[in-house]
Each structure stands twice: as C-alpha cells, then as structure tokens.
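Look for subunit A in each of the two complexes below; its partner is subunit B in the first and subunit C in the second.
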Partner chain A sequence: MNRIEKIISALEETANHPAKAVKASMKETGKKAVGCFPYYTPDEIIYAAGLLPVGLWGGQTDIKLADKYLQSFCCSIMRINVEQGMKGMYDFLSAVIIPAYCDTLKCICDNWHVAVPQTYLIPMVYPQHRKIAAGVAYLIDEYKRVQKELETIAGKKITEKDLEDSIALYEDYRETMRHFTAIVSRYSKTLNAKTRHLIIKAAYFMDKRLYAIKIKELMEELKRLPEEKLDGIKVVVTGILAETDALLDAFVQNKIVFVADDLAHESRQFRTSVRSEGTALERLAYRIADHDGCSLLYDEEKKHGQLLIDLVRENHADGVVVCMMKFCNPEEFDYPIYKKELEVAGIPMLYLEIEQKMDSAEQIRTRIQSFAEMIK
Partner chain B sequence: MFLGIDIGSSSSKAVIINAQLKILGKAVFNTGAGTQGPEKAVGAAFREAGISGEKIKFSVVTGYGRMTYDKADKQITEITCHARGAAHMIPSARTVIDIGGQDAKVIRLDKDGKVENFVMNEKCAAGTGRFLEVMARILDCSIGNLSSLSENASEEIIISNTCTVFAESEVISQLSSGAKRENVAQGAHKAVAKRVAGLGSRIGLAPDVVMTGGVALNKGVVAALEKETGQKITVVENPQIIGAIGAALYAWETASKLS
Partner chain C sequence: MDKNISSKQILNDMISRHYKEALEAKKSGERVAWATSIVPQELLETMDIKVVYPENHAAVLGARKDAPAFLRNAENNGYSNDLCSYARVNIGYANLKESAAGNIPMPDFIFCCNNICNTVIKWYENLAREMRIPMILIDTPFNHTFDVPGHSVKYIREQFNHAIGQLEQITGKKFDHDRFKEVMKISAETARWWKKATALAAAQPSPFNGFDLFNYMAVIVCMRGKQEGLDLFKLWAEELQGKIDRGEGPWKDQPEKYRVMWDGIACWPHLADTSKILRKNGINLITSTYPDSWTIVYDSDDLDAMARAYSSNYANRNLAYGAGNIVQIVKDFSLDGIIYHSNRSCKLMDFRQYEVQRQVQEQTGVASVIFDGDQTDPGAFSLAQYETRIQALMEMMEQRRNERLSRR
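And then the complex of A and B:
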C-alpha cells in the first residue's frame, strides 16, 4: 500500500466507523466530545472550549424506538439520530447541540429531554432573517448562551483569543477542503464518488487540526502523480447528503464523477468563509449571514438555482444530480424553483429520492445507469 | 443475428433481429427475474427464428433482471431500451409511457429518438401492473379480462388510496357495500392512469405519446390515460417486447461499431 492509499484507507476507516473513530480522537486529544446535529452549529466555539465537535448525521441503524417520537414522514437522518440517542449510542458525548432549522428538528428539541435524558441538550435557534442587523445581533446572543453552556461542560472560560485561534483553524480547514474538492476532476479514479464522500465525511469524527493535516498530506502526494484521464461523466451533486454505499457504488460503476457538490453534508459546510472584521462571534454570525444557496437558510433572492448553474459551468459538468432526502421539506420546497432554472439553462438533471437506509437500491441503480446512458 | 432480452419483474421477453433490423423471432414468458423465464423466452425466440445460439453475433440484456443475467454481451437499462424500441417502431414518438409489472416510467425523447429526460415511479406498486394484478384478484377475474370487465361499467367509482395495500382494503369495502365489479375495474384503471399522468406531468408529455409494456395491452388503462392526460396515446404493436426490441437494436449497433 503506497502513501496515498494509506491516507485514504485511514480516512475511509474513520468515516465508516464513526463511534470508534470519535473515541480514538477523544483518547488522542484528551478532549470531551460534543455532538452536533445537522446542519450548521458553532463548531468553532466548541473547539475553542477545548472540546471535540462531532457530526451526527444519522447512520445505518434500524428504527424501532424513535417511532415513539417521530412519525414515519420525518427524514431518516433525524429519525436515526433519535434512535441512536435512545439506544445509548451517544452516551459518551458530553452534550448535543440541536439547531432548529426545520419542523422535525424543532420537535426533536422538545422530545430530546424525555427521549434521551442521559445526553445533555443545548438547543439553538438560528434567525430566519439572518442578513439584517437584528438577525445578526440575535445570533450573537444565541452564540453567547451556547458559549456559556460549553464553558460549563469544559470547565474553562473561552477567551476572545481562544475563539480567534479556533476560527483561524476552521478557516484553514475550509480552505483546504475547497482545494481538495477542486482537484477531484484531476484524480477522478483515485477520488471517485465514494472515496471523495468518505474522505470528506471523516472530518466529522476527527480533530479538525489533525484532519486538515491529513488532507494536505494527501493533496501533496496526489500532486506527485500524473493527472488521471477523466473518461466518465462529470456531475454536480446537490441535496442534504449522498449516501448509501449502494448509491455511491452505482455512481462509481457508471463512471460518474462528482466534480463539485452542493451537499449540506459536504461543500455547504466549507464553501463560505468568515469575514475578516469584527469580534469573533460577529465573524461567526456573519458567516451564516453570508452563506447562500442553502435551503436551510432563508434566502429571499432564491440564489440556489444560479449557484448550481455556476457550479456546472465552472466545472464543465454534464449535469446535476439531485439527492433529495425523502421528507426533507426545506429541500423539497427549493427543488421546483431551481429545477425550472436548470431546465431553462438546458442542464440535464437526475432526481433521486434517497433515504439513509435503503434496503433495495435497484431502482436507483437503474436511474443512475439510465442517466449515464442518456448523457453519453 | 442479434439478440435482445428484457427480464422484467413479472415476465421475460426475447427478440432476435437480423442485420436488416427485421424481427426473426420473439417470445414472451410470464415469469420474470430469478426464474427459468429468461432461458425459456430465449429458447422460444430461437425456435421461432429457426436458428441456434451460435448465429448470434451480439446480445444485450435489459430490465430488472439484467444485472444477474450473465449470458449476454452487454447490459443496458430498460429506460434506454424502451426509448430505442419505441422510436424504432414509431419514429414520431416524443414521449414513451412504459408501465411494467413493478414500475412505471415516462421517457421524453428528442427528435433523434434519444432519451432527453425520464421519470420513474418510487419504490411503490401504485400505478403499475402489480396494482392491476391485485385488483384483478379481488375482482375474481384474470388480468387479461380486467379491461373487458370495465367496458360494462355504469357508474364512476373512485379508488382514493394510491397505496396498493390500502387500495385493496378500500376495494373490498366497496364490493361489500354493493359496488359493481365492472365499476370497480374501471376505477382501478383510472387510479393507475392518475398516478402515471402525475408522473408524466413532472417532465411533460410531448406528442406523439406512445405506450409500451404489458399494461398497454389493457385498453381500459389506455383510455383512462388518454382522458387523464388529454393526449392521444398510441399503443405500439406487441408493446410487451419493445424493451427487447430496443435491446436487440443496441446489440446490432454495438456489433456494427465493433466490426
């Protein structure tokens, strides 16, 4: 196994075994861990407190207990998160932060205290009107409240310098990831759709400082290789996340390369930087204000469609793949708007309705293969 | 000679064509993936064509069972093959509605007969042949007689549940309340038509609209679909084998490129 294979294999192992990876990270860094529900949480504040932010984006668990609190028309990520909480799979976390971006997340905030009483809850509400001064001021107040909660858990005060250092580290991580996703089309075999996904996913279960070092190492090693000829289909993928293994395998089998993504689980986490001016919390609040093209953050100008069109054109993509998380209302409300815009722009589109746990992927496989046959 | 095999969920189809694209043999067996159906269909097509397997230059398999059939040279999806088969039979086709045993598809074609866009039903039996099979069973008639039964309908019945399982309970309730079998049969056709028309509205139905797949043999469904969509629907000759014809055409095209 060469150096590149070793790095990729270690990151894939981390992504495929989150609990084991987080416990290893806690041991390695000596930090307590705080779980972060989708979609955006102030990870920089958690990190500044000397804690380890951990992403909680569902998994492959069968749902039995969570039905007590969430109906079958709630999205699979949230149902699985509650299920895993109720099964005690998050007991090693010192707390979870649950931001109320959608109706389901609001319900979970209410139910968590009784459903998962053993795991401390820090609820958060992000402002709808995130771009106006009042919205920014409100979000800063929310951050201050969360900061106090985290200080109690960490047993230390978070200074302005702690926050600035943490923001600098996260900015480095975000910039690194933007570079990483930009080189995928040059190494489309090594960084196929599945490998790319697992590499990005590993970030949720590692200390961001150590993770960024690994990604930089990987990119350095890749630069030594000759570029790989891209003989497949280039797509931009959008949605909440692109899982399961069967779904990603179907993309790989049909030589479909993710030259860019607009997934909440991937690029939406790192495509927007903080502003350079202001206090640490102001900079964090303005990052949410400046982040566009995400269905979870109210956008009166509806820029999502144009963002996708730009991604297609900048990356010379052949089309857009929509990974629509079943029962995700914010994404479903956005879809008809950008669908029309993509059609007007003449961009082919593949719509896939996905769930985190899909027992049969045959239909999805057929759609992906048909899309590939259509584009060829 | 070139062989196209379409292994669906409820039937297996095979078509043999020659280099002039003339159909020499065709067969349909009402057992699908995971059974002896594909072998029987291929064997019957060979017998009809009067040839043996060695004469086949290239073969393409399509359909739900294509991934597990290892005797063909290439596999292509049923969406691509139905589009190719339909465009070959009716060159003016711009929309193909294919309702099979377990799924329904609406495929838009460009002026060259290539797939431009498509939609498929979700993993649910609503709007598929399976829904009609369940209805036929409750109505105590064969699937082939469901259409003629509905011709004698006297009153419109609405089956409001799209879910096949719930619709089954609903129909049993209606029958026990005195609803006529003929009316229920027509209601079942309308239920399928509504579901498929809804699917089609996602990509638009451009004329000429052509229908393929086993359900196209049911005149009641075709009439209900015409009413729901407001479009004239042309049923291709031998609608069940259109996917296999498309596969055979791809086999011929691939072999031509290779030689």
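And then the complex of A and C:
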C-alpha cells in the first residue's frame, strides 16, 4: 500500500465502523462525545467545551423497536436513529443534540425522552426567519442555552477564546473540505463516488483537528500524482445523503463521478463560512443566516435550483443526480421547483428514491446504468 | 341575527358568502391573501384584506369528492404522494384554478404561520415562487418545553412588526393600530365563545350531533376576527344550552350510547361513511383537540400575550402537553373512547400518536383505536379496516363499562 492508499483506507475504515472509530477518538483525545443529529448542530460550541461532536446520520440497522414510536412512512434515517438509540448503541455518548428542523425531527425530540431515556437529550430549534435581526437574536439565545448544557456536561466554562479557537478550527476544516471536493474531478479514479463519500463521512467520527490534518496530507500526496484522465460522466449530486454501498457501487461501476455535491450530509455542512465580524455566537448565527439553497431553511426565493444550476456550470457537469430520501418532506417539496428549473436550463437529471436500508438496489442500478448510457 | 334561523343555516350561508366575497373582491381589483389555518389573521383583518384558507378549501374539495383531479395534477408536476394532501390539492388547484366543488381567488401574497407544522413553510414557499408573489412568514419555534420560552415570545412578537412592515409595503397603506386593537378584541372574544360552545359537549347526553364540530371549525378558521363569527358562536352556544336544558341528545331517533373523541383531521372524502358507522353504533363524536387549537386568547393590547397564544396550540407544543391535554379532555367530557386517525398526510401528528395513545391509556384507562386514513386523499383509507377498528373499540368500551358497573 502506498501512502495515499494508506490514508484513504484508514478514513474508509473510520467511515465504515463509526462506533469503533468514535470510541478510538475518545480514547485518543480523552474527550467525552456528544451525538449530533442532522442538521447544522453547533459543533463549534461542543468542540469549544472540550467535547467531541459525533454525527448521527442513521446506519444499516434493521427496524424493530422503533416501530413502537414511528409509522413506516417516517424517513429511514430517523427510524434508524431511534432504533439505534433504543438498542443502546448510543449509550457511550454523554448527550445527543436534536435540532427540530422538520416535522419529523420535532417528533423525534419528543419521543426521545421516552424511547431513549438513558441518552440525555438537548433539543434545539433554529429560527426559520434566520436572516432578520429577531431571528439572529433568537438563535444566539438558543446557542447560549445549549452552551450552558454543554458546560455542565464538560464540567468547564466555555470562554470567548475557546469559541474563537474552535471556530477557527472549523473554518479551516470547511475550507479544506471545499478544496478537497474541488480536486475530485482531477483524481476521479482514486476519488471515485464511493471513496469520496467515505472520506467525507469519516469527519463525523473523528476529532476535526486530526481529520483536517489527514485530508491535507492526502491532498499533498495527490498533488504529486499525475492527474487522472476523467473518462466517465460528471455529475452534481443532491439530497440528504448518498448511501447505501450498493448505490455508490453502481455509480462507480458506471463511471459516474461526483464532481460536486449539494448533499446535506456533505457539502451543505461546509460550503458556507462564518462572517469575520461579531462575537463568536453572532458569527455562528450569521453562518446559518447566510447559508442558502438548503431545503431545511426558509427561503421564499427558492434558490435551491439556481444553486444546482451554478454547480453544474462551474464544474462542467453532465447532469444532476437526485438522491431523494424517501418520506423526506422538505426535500420532496423542493424537488418540483428545481426539476422545472433544471429542465429549462437543459440539464439532464436522474431521480432516485433511496432509503438508508434498501432490500434491493436492482432497480436503482438499472436506472443509473440507463442514465449513464443516455449521457454518453 | 334573525332568531328563527339556526346557527347551522347561518354557518352554511357564511361560508358560501366568505368564498363569494373573496372572488368578487379579487374581480374588483382588491388584494387577496392565502393563509394557514391558525395564522395571526388579526394583522390581515386590520388591513381589511380578504383572506382565504387553502386548508379549508382543500377540505371542501375533499368532502365534495373533487380532490383527485388536483392530487393528480400535483403528482404530475413532481409532488410526491407522500406529501400532505392539503398541500397537494392546493398546489394542484393553483395550477388548474377551477373546481366544480367551489373556487377561490388566486392570491396576491401569502401569509404563513408554522405553528401547525413546518410543512406549510415548504408548501407556501413553493406557492410564492410559482406565482412570483410575496410571502409573509410568522415563525413560531416548536416548543420542546412545556411552555413557550421567553426568547420565542420575543422573536415572534418582533416578527409581527416585521410582517406589518411587509403588509404596508404590499398594500401601500398604513397599519391602523387602533383598528388592530379592536380586531384583537373581537378575535379573542370569538375564540372564547368557540371554546365555550364546544365545551358544552361535556353535558350528558351531549347536544352535539356527531361531526358538527368539523363544520363549525370552518368558521373559527375563516372568520375568527369578524363580528359575524363571534355572533355565530354565541348563537350556537345558546342553541346547545337550550338542548341541554331540554335534555336533548345528539339524535332524535336514538340515544347517545358512547362518547368519543376524534384525534386528528376528518377523512373528508369518507365523511359520510366514517360518521354513519359511528352513528349506527350509538357512538357520538363529541370533541377533538381542535376546540383548544383555536382558543387563541390574550389581552387586546398585549403583543407578548398574542405571540405566546399563537405559539401555544397543541400541535406546536411538546408531547407531555399533548398527552396531558387529552387526559384532561377524557375527564372533562367523560369520554368512553378515543379514535386516533393516523393521517397519512400529517407527520407531525402521526409520529407522536403512538406514544400519546400509550400515555393517555395509562393515565385514564380510556378505550382507544388507531385507524389509517388521510384527510383528502381517498386512497389511504380502507372502510373495512375502519369498521373492524370501530368494532374493536365498541368491545373495549363495552367491557370497561361492565367493569365499572360491576364495581358499583
């Protein structure tokens, strides 16, 4: 194995075995861990408290226990999170934060207290009017409340300096990730759809400082390689997340490269920076205010479609792949609007309905294949 | 009001007049708004803006069995079948603009409050975008706490001011704060009388006739800020009190045998079937969580209280409140049973229903069943399943009653 292969396989290992990876990170750093439900939890505050933020984005567990709380038409990612919580798989976390962005998440907050009483819950609400002064002020108050809770867990006060340091570290991580996603088209074989996904995913289970170092190392190594000729299809992928393995394998087999993404699980986490002025919490709140094109944040102008069109143009992509999380209302509502806009712009689109745990990927495989053939 | 006319007749007149006037206003060049069902309509009423409520209109189309064409239209435009059917019917209607079951004027702007769900934000965003019209949003953060926290109240109150600014810009008129106070007063008073009237169902037998509640709901949604709405609820309360005094129950030809609560929205396309089966068995539907949802009560010059009131409805509060609220209803209305509608449209109601049912059951022992349905999409409902569940409910209620009798 050369150095690149070594770095990549370590990151893949992390992404494929979250619990093991988190426990290793906890041991390595001596930190307690806090679980972060999707989306946009204040990881910087958690980190500033000397705690380890860990991403909880479902998994591959069969649903049995969660049926006690949730009907079958609930999105798979939340059914799985509740299931895993009930099974005790999150017992090693000191708390979880659940932000109530959508109706499903509101209910998950409520059920959690009874379904998973052993894992302490910090519920959060983000303002939908996030761009007006009242919304920013509200969010800062929410952050302060959560900060107090985290201080109790960590057993220490968080200073402004702690927060600023943490923000600087996260800004560095976000910038690094933007660079990383930008070089994918130049190393499209090494960073195929699946590898790219796993590398980005690994961040959720590691200390961000150590993770950013790894990614930088990887990019340094890659730069030494000759660029890989891209002979496949370039796409922009959108949705909540792009899983399962079978789905990603199908992209790889059909030489479909993710030159950019608009996934909540990936680029939406790092495409927006904090502002440079203001107190630490103000800067964090303005990051939410400035973040656009996400189905979870109110936007009467609906910039989601234009964002996808811009991503396609900037990256010279051949089309857009929609990974629609089944039963996800926020994403399902955005779809008809951007679909129309993509059609007007003449951009080909592949719509895939996905669940985190799919019994058979056969149909999806066929659709990916015909899309690839159509573009070629 | 003419004393010889019943509140039911007035109700029907009012609703058809409500829609007719909105259509006429639009024709004569007035501005029309579309709004969500528990919106701070006081702001619109103060500006004398004609408002129609898409949820109510979708319910009408559903009840008159005209929803499928609009559902299909939405689906053909990429809307997943798994989305709220009120949204799908309305979005289909915004495209087709014509229903034999009744029409509404197209909006000049939309007014949205997410105290009922976050789905409406997405639905209204799409309307605003498709029609290129302004959107006003009052964001009421979900209360994972039992009460509305102070910073939420402040945030909501400031949004009222923001919305007033938007309204002034849209209409080019100044907002009249004196008129606002009057409207606030009427609105709170209407809400009080709505609550008072619906609370009379606690009498035994209940003077309510089964699904009456759903009919009168149209007025509390559409006419909360109007004197005529207030008058209607006063008259209705009077009529109900009269029935109670005369010892009259819901039906002339049969006694009220069981008293139940309905959790969730009606199945509009199957209204006749769902109510017939209950009536056949002497089951009277006397209440739901709705009387409280529109009990938006506050002092007329207290914006903080108004903000708190708009964030305090059942759907926007936590499960502990939700379950406690139903426990109270079970006691206040001496209920024998609860019918939970697992409404395919409404994730916010559904995904807490199992736990609410368990907690209510634990605390009251009341009999209950859950059935699968949908408020406007006829496909999600199975009459056979509904009948079986109601049969099961009957047996449970019967058994509880016998147990109670044998204990005496």
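A few points about this structure:
We take it that the second predicted complex is superposed on the first by the 376 of 376 C-alpha atoms of A that agree within 3 Å, B and C clash if a C-alpha of one lies under 4 Å from a C-alpha of the other, contacts with A are read in each partner's own complex, and residues count from 1 in each chain.
To be clear about the criterion, a contact is a pair of C-beta atoms (placed from the backbone, for glycine too) under 8 Å apart; a residue touches a chain by one contact, two chains touch by 3 or more.
Please read all numbers here as calculations on a predicted model, not as lab measurements.
In the superposition on chain A, contact is made by A:E332 with subunit C only, not with subunit B. Look at A:R313: by the touch rule set out above, it reaches neither subunit B nor subunit C. Once the two complexes are laid over each other on the shared chain, residue contacts for A:H17 go to neither subunit B nor subunit C.
In the superposed model, A:K223 makes contact with neither subunit B nor subunit C. In the superposed model, A:C107 lies in contact with subunit C only, and not with subunit B.
Judged by the touch definition given at the top, the superposed model places A:E142 against subunit C, while subunit B stays out of reach. Between subunit B and subunit C, C contacts the larger number of subunit A residues. Looking at the complex, you find that subunit A touches subunit B at residues 348-349, 351, 353, 360, 362-363, 365-367, 369-370, 373-374. Residues 64, 67, 76-80, 103, 114-120, 122-123 of subunit B are the ones that touch subunit A when the two sit in their complex. Taken in their complex, subunit A has these residues touching subunit C: 68-71, 73-74, 100-104, 106-111, 113-115, 123, 125, 127-129, 132-135, 137-138, 141-142, 295, 298-302, 324, 326-327, 329-330, 332-337, 339-340. Looking at the complex, you find that subunit C touches subunit A at residues 77-80, 82-84, 87, 114, 117-119, 121-123, 125-126, 128-130, 134-135, 137, 139, 141-142, 144, 151-152, 154-155, 158-159, 162, 318-319, 342, 344, 347-348, 350-352, 354-355.
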